[in-house]
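Here's the structure, in structure tokens; my notes come after.
The first chain written gets the first letter, and so on, giving A, B and C; residue counts start at 1 in each chain.
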Amino acid sequence: MYREGTWVSAEVILQSLDYFGIVVFAMAGALRGEEKSLDLFGVLVFSIVTATGGGTLRDLLMGNLPVNWVKDNAYIWLALAGGTFTFMFTRFWRFPVGALAVADAIGLAVFTVLGADQAAHMGFSPLIVIVTAVMTGCVGGVIRDLLANEIPLIFHREIYATAAIVGAVVYLVLQAWGLDERVFPWLAMLVVLMLRLAALRWDLRLPRFMRTLPRA
Amino acid sequence: MYREGTWVSAEVILQSLDYFGIVVFAMAGALRGEEKSLDLFGVLVFSIVTATGGGTLRDLLMGNLPVNWVKDNAYIWLALAGGTFTFMFTRFWRFPVGALAVADAIGLAVFTVLGADQAAHMGFSPLIVIVTAVMTGCVGGVIRDLLANEIPLIFHREIYATAAIVGAVVYLVLQAWGLDERVFPWLAMLVVLMLRLAALRWDLRLPRFMRTLPRA
Amino acid sequence: MYREGTWVSAEVILQSLDYFGIVVFAMAGALRGEEKSLDLFGVLVFSIVTATGGGTLRDLLMGNLPVNWVKDNAYIWLALAGGTFTFMFTRFWRFPVGALAVADAIGLAVFTVLGADQAAHMGFSPLIVIVTAVMTGCVGGVIRDLLANEIPLIFHREIYATAAIVGAVVYLVLQAWGLDERVFPWLAMLVVLMLRLAALRWDLRLPRFMRTLPRA
């Protein structure tokens, strides 16, 4: 959906969603920093890392260097804005966690499909499209959790990453069916969003790893 | 030993060993995920990271982009297969930990020499050949331990990395002596394997870092 | 200040300072390894990672591949020398922590300005110059802390990173004012050094993240 001249308004909407995802992920990162009692600098680093980590790893592995936020400074500015706002806001008001979870789900949906889209346009195989989509959507949060010295949340709240996987598969299937490229990315995004919101609403989970035998 | 037309069967054996190392490291990663009570997604991420982490960092630092598993999807598929098998298997049977340790030693030997081989063929200095060899052999496990929120094991079970260093040095010495390139990589692999198995068998260790003075 | 033929002695001094920063950061990394009771291999890895981590990430994100220490082996040799020296020294004598803190401040100042300088000469925007400067100065220590399974120190001892930010801004301002490129990088370095030493001397801090409301 990046093709020039196909549907300008779609590109504008998409870019807006991308920036929206950056801001939302930055806010989620800042809130994690708050839980860890970090100072302003630490909070802003958490914001930047959470917002840009997925896209950065994607660009590194694909060889798209310099990485995206070096070329388009808006990514860093928006992450700083989201982090600073959250830093100020939480000093005086309680943060609407429910609203943030919904916004975070939108960010996940957008980043996942943007990642799938980029890998697909570079001609990579379906497997790599899926891996790239999941990385773009989830790795920012993983690095944030590592910096916070915790086992990354996505290994526990598993429908997070699973929603990204399903969304990438839907993207590939709709593309294979020959749907209009101005339409199917939005459907894939909607699938990720719906899955993630359903998981939040009804607390859905994947099976855990269990032994039926006692340890040796 | 990557030269075309020199010794086809050696290349086939080498590629097979490489894939074997991927599967074994994936299983080791999955077992770590099990210890952390991760769900299926988390276990598979641990498998992929452990199996491909070393080669990925090597390719990043050397500038071989996109990284190897983006070009050859077999790496990811095999890691997924090893992780899924381990996930299913450990639900019903006790995992043969001894067999895994031997297989892991084979993986270490193969990855170490593959790393040394690639750096040597790119014309890098002996020091970089050694660093690349150790990274390719060990970094997957390091990232796995970081995700599991633990100090990486290789900082404690130190003959692991030391075996890789010795193997890389042997590779360089045999190469300098002008040995046939169809032979000496196998000897270097054997050295790593023997060292690692000996370390496992007799619990060999390097000296620890100690103060002889009390803390200030 | 990398321009050929402008002021040879400045380049020599700068390269010397760069190497000095590597050694000092390697020693700081080794001391952290000592606190964690690592063996010699672990201590040397901590030395290498702390000394080269910032420059490595900078080169990765900018696409300067292979990374600097692959091209100039002196980086790794010096890190190994600093780590080995510290390993031996601390077995018999108490380490002069005060002297190390001053040396570490010099390393921070040098790496920060070298990072800013490289990004500026590649034609990146002021924002990216600042981000690159901070990364080059601080990321080595962040990776070291991650390997040691701790929340990175810079999120707590915050004037560390803040000194780097201020130094990068000073670099940009002096450059914009048209100062001689043989002079202003040294001024920026001096600012970082003075700020860091002042922070150490008077224990300066940034405001922490606080809620004025109780948690939900």
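Throughout what follows, contacts are C-beta pairs under 8 Å (C-beta built on N, C-alpha and C of every residue); 3 or more make two chains touch, one makes a residue touch a chain.
Model, not experiment: these values are computed from the prediction.
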Given that subunit A is a copy of subunit B, what angle of rotation, in degrees and a multiple of 5, matches their CA positions?
120
Same residues or different residues: which describes how subunit B and subunit C meet, taking over half shared numbers as same?
different
Please tell me the distance, in whole Å, between the geometric centres of subunit B and subunit C computed from their C-alpha atoms.
30
Within subunit C, the set of residues that touch 2 or more other chains is 60, 65, 146, 149
Residues of subunit C defined as touching subunit A within the complex
60-63, 65, 124-125, 127-128, 131, 142, 146, 149-152, 154-156, 158, 161-162, 165, 205-213, 216
Applying the document's contact rule, which stretches of subunit C touch subunit B when the two form their complex?
33-34, 36-43, 45, 56, 60, 65-67, 70, 73, 76-77, 87, 90-94, 97, 146-149
